[in-house]
Each structure stands twice: as structure tokens, then as C-alpha cells.
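A, B, C and D are the chain letters, set down in written order, and residue numbers restart from 1 in every chain.
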Amino acid sequence: MIDIQSGRATSGFAIESVGVTGLRYPLVARDDVTGEEQATLATWRMAVALPADKRGTHMSRFVAALEARGRRPLGLTEHWHFAEHLTQLLGAERADIETEFTWFRLVKAPVTGQAAQLESKIGYRAVTGASPQKTLRVQVAAKALCPCSKAVSDRGAHNQRSDIEVQIDYEPAATQPAMSSLLALLEQSASSPIYPLLKRDDEKYVTEAAYDNPVFVEDIVRNAATQLVQLPGISAFQIQAINRESIHAHDCYARIVWSRG
Amino acid sequence: MIDIQSGRATSGFAIESVGVTGLRYPLVARDDVTGEEQATLATWRMAVALPADKRGTHMSRFVAALEARGRRPLGLTEHWHFAEHLTQLLGAERADIETEFTWFRLVKAPVTGQAAQLESKIGYRAVTGASPQKTLRVQVAAKALCPCSKAVSDRGAHNQRSDIEVQIDYEPAATQPAMSSLLALLEQSASSPIYPLLKRDDEKYVTEAAYDNPVFVEDIVRNAATQLVQLPGISAFQIQAINRESIHAHDCYARIVWSRG
Amino acid sequence: MIDIQSGRATSGFAIESVGVTGLRYPLVARDDVTGEEQATLATWRMAVALPADKRGTHMSRFVAALEARGRRPLGLTEHWHFAEHLTQLLGAERADIETEFTWFRLVKAPVTGQAAQLESKIGYRAVTGASPQKTLRVQVAAKALCPCSKAVSDRGAHNQRSDIEVQIDYEPAATQPAMSSLLALLEQSASSPIYPLLKRDDEKYVTEAAYDNPVFVEDIVRNAATQLVQLPGISAFQIQAINRESIHAHDCYARIVWSRG
Amino acid sequence: MIDIQSGRATSGFAIESVGVTGLRYPLVARDDVTGEEQATLATWRMAVALPADKRGTHMSRFVAALEARGRRPLGLTEHWHFAEHLTQLLGAERADIETEFTWFRLVKAPVTGQAAQLESKIGYRAVTGASPQKTLRVQVAAKALCPCSKAVSDRGAHNQRSDIEVQIDYEPAATQPAMSSLLALLEQSASSPIYPLLKRDDEKYVTEAAYDNPVFVEDIVRNAATQLVQLPGISAFQIQAINRESIHAHDCYARIVWSRG
């Protein structure tokens, strides 16, 4: 049967990335430090570079490789190995493989100690080839209370949910940090963590704690950056916070971009 | 050329709605009370009922009719006439026509008076036929400050953006109310309106006003309902508020469903 | 500590639904017929009715109840029991509990037999009280090839991904059907199922099978309806298909609404 | 009144971007070549760089500046001037200003000539400062018919809607190209344009034209790249196509990244 994808291309343009996207697949995610594993749902983007003279890639191999790896737990290191495997399997010089999934922590309310699951989003990205990249993405929500609103008002202060996102590039040999410590670092950069379950005593605690710790969106990313640079094995990071302003219909955001050296 | 859509169907099932959806089109929206017109962007869903013995409808006629009406301003009454026109044009017993667009108001900050445009979403729905329905949808954001958090805490109170949505069914002969008064009614059901532009003096005002007027999500929909029932020409409504909780990753919501008699 | 939620309300309006929404939680979903269980990710909406004289509900109890049930597998029947439990727990006359999750099947390519996971969306809804409702929602993608395009063209025919959604109301005592048979019923209503993984021989098969079985969006919902009415225990259903038209920027859709007697 | 934003920051981290996002505003968009103007709806992201020693920016100035410019038409050149104005207004070394809006063309069906509006998305981005960037973003849908499916099948070929996106960096002095010619360039890279309105004769034409011109997702971006490099004033571009596969639940994509010299 004719194989058109393997034909020659003549435009002279190499393809930077070609592959599949928006592919949902069951995943057992793994925290490489603690060994904790969670069955969850992942969304994949899997692509390779294609030289100028090759017409097409073999899209079905991405899905076949995902199925072949079965339910083996996936941490950042294992994800890197999977990207290297795909690079070979597709006969490519570079692969760019990204997965994103929901990760849960059992979080206790600060006073009553009542616990429930709190979601966050974790992503792994691996780019193989001449300029390798090993990236961890973390997204978590926290509470931001406005210092200006507090300072100028006789009572109260506006506050809102803030979505904090970080992308961390790791040295090739570095291992993934404990999810929970990284998530805590981000939450502590804001006015207060948020919680899945609060009783009245907890609500009092969170309200007052946030009021006592006001932060601008600029402060959140600076607080996080100050902690992130102290983590081992990090070569670069981007940290962004988006405040879902409770006094506006639009959002405010701030971003720090940092790289070692 | 063969016309397959006009063929006979044999399953015995009538189609409740068949048509196009997700169709974006330029729109001049009109406030029937004030006469104000705005050039904006609409998303349309246009469908008709299809009897059990007819195989298909003529999808292209929906788009042709939209183009044919050109830039004539569209208020709720004109929307109803357009639905009647489509009912005839498609040879249907019932049409179900819905459009949604962004509508702006020039809103002044409460102290400095600085003004900017504030968005809201407006929708019209017209169902023709034996059980006619003429519905106005309005969606606007406001600020909600939690009464429990205020009452139990020594300082501060958690607050958040609240998305308030109402669907109002009008008597056939009723005209659309002034957009601005309906939007104001909804905003005043919450702790405070939100604003596109606030200077420090305004921020103090809004912060304190919201602190002085705490509402649960249940209160918002009850406050709105109390006002809505007094409006003329309304046969039924649904009012819903969704608080984007600043202490949780999930939202809270409340809904009231009301009909006359 | 003061309990404001338990205070009295005076507006005279009962709240139809009040609760939490957009709450993501780990879930072990269960197929009641086959007994198959899958660890997946659910999004919950959980609400109760609130009488006119009660000011607020106790939002934290929804999350606490979800955590308390732990990882017990959830089929449609168990979901109903959970809704009854929440009705009692919140002291309500009616609860309205909905969960939606991604469900996977191992699907084989039609010629080579190569298998991979294919996603679909499943939802359960339970409304307790005077007008109980027990609803299964299923959403799956399939392939639709246009009969008109085939009939009028000398070669080829336009085709597209079609998203098929059904909501089935079950008699109180009915059990959930096997997911896989319901999903297959929906896929067979279109021109062809879609697949997670196809080699060239499979692609030939699917292309020709779809070309030999053209369907309008109206045909898809009628084909499905013809099969659905024959299933036991169904009191009502809504079936909808949305074709992501490959010749337009907008979509086409059709819906059948059916109830027994 | 105290001005906390103007206070000093001590973390040592400069903020790469701080500002507002998700801000919807009415816009009169302008095609700099043809002079055509359209009233539409824009979504803005507006940010500036903040030095390490400054605590906060003045968010309200972004919205005030947007309101102050009123309904003056906005082309890519005027957008650049607006970014320069904001840079000054915020006292920043660099601003990063992005707007995205829906742009319509009146498109005629290929045989009957029946015309209707067809949407596309246009975006402008301007980054001022030491490394200035002037970027035009264009997103349009087209039809892609699979060459492999056509070659291996005895009849038919799978095809789908393809979303084509390009980001073009312009030399500082370059003017925006005519929207319509750029959109046509992208559409002609696929198997066929799509249309807002097709009668049966048109549907035959489009079906056969697409069948006669099969393209992989890789071909689409190469076809577009071959044309784009010939346009004057372009310093770099990224072109991406995403095929909404009609045989899969996931999408396929390809991307070319190019820069002059």
C-alpha cells in the first residue's frame, strides 16, 4: 500500500514540530521524591521535528507508544525517557513532548483540621535534541488581598482568587521536586492558601490571615521567585500570577522570567 | 441537481431543533427603550422544528437570512420578527433563534467620576409556534462580600467576583426594558458593582461599600428576584449567581426559578 | 460563633438550587453492568433546594460528604444513593447532584486490530424529592459524511467530526446500561466510529465505510433515537449531534426530545 | 492618600510584565492598506516592565488610556504608536501590548456567488524598548483533505476543518498588509477555503476542489511558508495548522518557525 507520508518534500522548509495535540489518556502520575502515585487524566501534545526533505511524520506512532507504555507511573524523569524513546521511534532529531494532568493533595483546614482533596495542575515538557529542555509546570490557586485597598480603606480590603503558574527548567540530571513542597511554596507567596473545605472557625482564620498579609500581584511573583532561585537543579523559570479581580471584570497579572547566569 | 434534504424520512421521529450554531456575525444591537445602538459581535444559534416525514432542513437559508437583514439594529422585538420571518422562510412550524452579544456601558468611578466602558453579555431568544417564548438574557459581574466571614472575623472579610445571569420571559407584546436599568438592578443585588477604572479614592469607596453590604450568593438572587417581579410584562424568570470564591478553588452558586401564577 | 447561614430569610423567595459547582475530585467510576471500574477525574455540581424562610445552606457539607465517601466506585445507582444521602445531610427537600467524568474504552482498529484508549464523557445526574430524576449523560465523537455532498459531487464528499450527546432519564429502579453498548449505539448512528489509532489499512477501511454510509446531522439523531427507544427502563431522552462542518466555520446540529407516553 | 504601589521593592527581581488581561473593549479595527474599517470587539492584554526597585505599576492607567483613545481606528501602525504612548504614560522601559479581535470578510460562494460574512481572528502585538517587536497574528479556518486517505481508498477521503494561525514579525517601518490578501494566502495553503454560505452547486464545487487538492497538515504550513517569505517587510514568522481530525478524537498539528538571516 502506497506510503505518501514517506515521500519527499520540496519546499525547502523544515517543520519545527509536527504531531498530535488534545489527546486525552489515562495516566498514573508519580511524585519522584515521595513516590506517591495518583491515577488521573492527562492531555498530551506530542511532536517531532521533520527535516526539509521529508513530507510527513507517522502520527499513529505517538498514540501507539502511549498505549504501549501502559500504566507505568510517570514522573518528570520517566517523562524525559519517554521523550527520548519517541525521538528514536519516529526517527527524529528532536521531539517535543508535553503532558498536563490534575494532581490532588489532601489538605487540612487550618483550625478544625477537616481534610479534603484540593486540585492543582501539573505539566511535564521534554524537548530532546541539540538544545534539550526538561520543564515542570505547576498551576495552583491561592488568595490575594490588595495592600492598596487595605491601606486606604477604613474597613475591609478587596481580595480574590489568584491563579499562580510556574514553568521550571531543570538541569538534565535533576529530579522532580516533591509536588507538595513546590505547591506550598507558591501558595505561601500569596496572602493565604485556599482550601477545599472550611468550617466557620477556619473561615475566621483564613480571613484574618489574608488581611494580615496583603500582596500585590507583583509581590506574589517576587515572593515566589525569591524561593525558587534557592531550589537546586533549576536552570531557568517563569512565574506568573493572574488575579481574578473582585472589583473589575478584567484580570491583573505579573510575570518574572529568570535564568541562571 | 438532486435535492436529498427534501427527501422523505421514515424513522417516525420529528426533530425538535435542527440548524446552525456557533455562527459569529457582525451585529448592531439596539436598546428598544433608549434607542441606543452599538456595533458589536454576535454568536447565533438558529434552528427550526422538522416534521417526522421530512429528511432535512435547508441550513444555508439561516445564513442567507442573516446576511439579508444587513446592519438593521436588533432589539428584542425586532429579534422576534426575525424569528417569525425565519419560521416562514424555512417552512417550519416552530423556530428557535438565539443570539448573544457583548454590550458596553460607559461607567463612572464612584468618587473621581473617571469613566470607561464596562462589558456585559446580552442574549435574545425567540421560540415561535404553539408555545411562543420571548426571552432576554443578561449576564453581568458584580462584587460579593461574605456575611459569615465578616461576622466571625476580627478584621476583613473574603470577597470575590460574582457572575450574575438572568433569563426573563416576556409577554408577547412586551418591549425590551432599558439595558442599563436591568444591569443596574442586578449589580445592586450584590455587595457592590464592579468598575472598569478605579483610582485610589474610588477603591476606598468600593472596598468600604462592599464591606458595609455583605451578601451570600443566596441573598444576591433573592435581592434580584424581589426587584424583577415588579417589572411589567414579565411572565417568568430564572436568576442565577456564581461566586468565584476567593477562599476555594471551586465556585458557589444559587438559582431562583419563578413564573407568574 | 455566630451562624448567619442558619438565620431567617424574608424575601419570600425559595431557592431552587444552591450549592457548589466546578468542583474537581478524584473518582473511581463504575459500569454497573460489567462491573468495570476506572480511576478518573470528575467535575461536580452539588446543590439543594432552600425554603423561603431559610437564609443559607451549608456549603462545606457537600465537600465533606464527597471526601467521606472516599474511593468507593460510583455507578448511576450509587450516585442516586449519594444524592439521597446529601438530601438528608443538608436537611433539604430536594437535592440536585451532577458529576461528569472522562471514561475510556480500549478500541481496536478495524483491520489491523491495533488498540488504544478512546475517550468519552459520562455524566450522572440525580434529582431527589417530589419529582425525582435519574439521568445518564453520554458524549462521544463519531464521523459524519454528508449525503448531499456525495450525491452532487463526481468524487469525494465532505465529512467531519460529530459530537453526539445523549441525556437519558431512567425509571427509579432501572440500572445503568453497559457504557460500551451505549457508546457503540451512538457511534453506529453516524457514518463511522472514530478511532484512537489507525494504520493505512485501517484508514482505507474507515474512509470507504464512511463514504458508503452518508448521514445528515438529522439522520444521526434519528438513527440513535430508533435504537434508544428500544432500551429498557428509559422514561425520556434527549439526543443531540453537532457536526464540526469541514466546509464552514460554524457548526450544524440537530436534537430529538422524547418521552414515554 | 497613601500610594503603596509607588513604594520600593527589595527582592531584587525585576518584573518582566505586569498589567491587565482579559479586558474586552469596543474597537474600530482598520486595514492599513485598503483603509477598510470595522466596528468589532477586542480583547486586550496590556503590560509594562517594572524595574527591580519599584513595587507596583498603575493598573488603572491602561484602561484610562484605552478609553481616552476613543473610537479612533486601529491598524498595526497605530497600535505600535499606542504601545509607545503607554510606555511613556507608565514611565516604563518596555511595554507589551496585545489586542485580538474578530474581523469579517464578505465571501462569495464559488459558483452561485451568494455572499455572506466570514469570520477570522486578527491580533496585533507591540513590544517597545530595546528589542522592539511588531507582530500581526491571523487565524482563519480552511478545509484539509488527507492525501494518504485519498491514495489508499477506492472512494472518498477523510477531510476536516483546519485552523491556521500565523504570527508575523514586521520590520519597524513596515505597514500592515491587506487583511484579505493575507487571509487568502492562508486559505489557499489548504485543500480549499471554507465558506459562510454554500448552495448545492457550490457544495459540489468545494467537495471536488478539495478532493483534487489533498494536503497533509505538514503541507499546509509549508505551502503558507513558501508564500509568506516572499512578502516584503517580514523579519520572522511562525505558521501553525491544527486539523480537527474527522477520524480521531484528537487533533494533528504542524508548525514552521522562520526568521530572516
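List of remarks:
Throughout what follows, a contact is a pair of C-beta atoms (placed from the backbone, for glycine too) under 8 Å apart; a residue touches a chain by one contact, two chains touch by 3 or more.
None of the values given here were measured: they were computed from a predicted structure.
The most distant chain from chain B is A, comparing centres defined as mean Cα coordinates.
Counting every residue number used by either copy at the chain B-chain C contact, over half are found in both chains. Copies chain A and chain D of the same sequence differ by a rotation of 180 degrees once their CA atoms are superposed, given in steps of 5.
For the pair chain B and chain C, the distance between C-alpha centroids works out to 26 Å.
Annotation: 29 Å between the Cα-based centres of chain B and chain D.
The set of chain B residues touching two or more other chains comprises 1, 24, 63, 119, 148, 152, 196, 198, 200-201, 204, 249-250. The residues of chain A lying in touch with chain B in their complex are 118-119, 141, 143-146, 148-150, 152-161, 192, 194-196, 198, 200-201, 203-204, 206-208, 210-212, 244-250. On chain C, the positions that touch chain A within their shared complex are 1, 3, 24-26, 38-41, 60, 63-64, 66-67, 102, 104, 114-117, 119, 196-201, 204.
Chain B makes touch with chain C in their complex at residues 1-2, 4-5, 9, 11-24, 47, 50, 55-57, 59, 63, 147-148, 151-152, 216-219, 221-223, 225-226, 242, 249-258.
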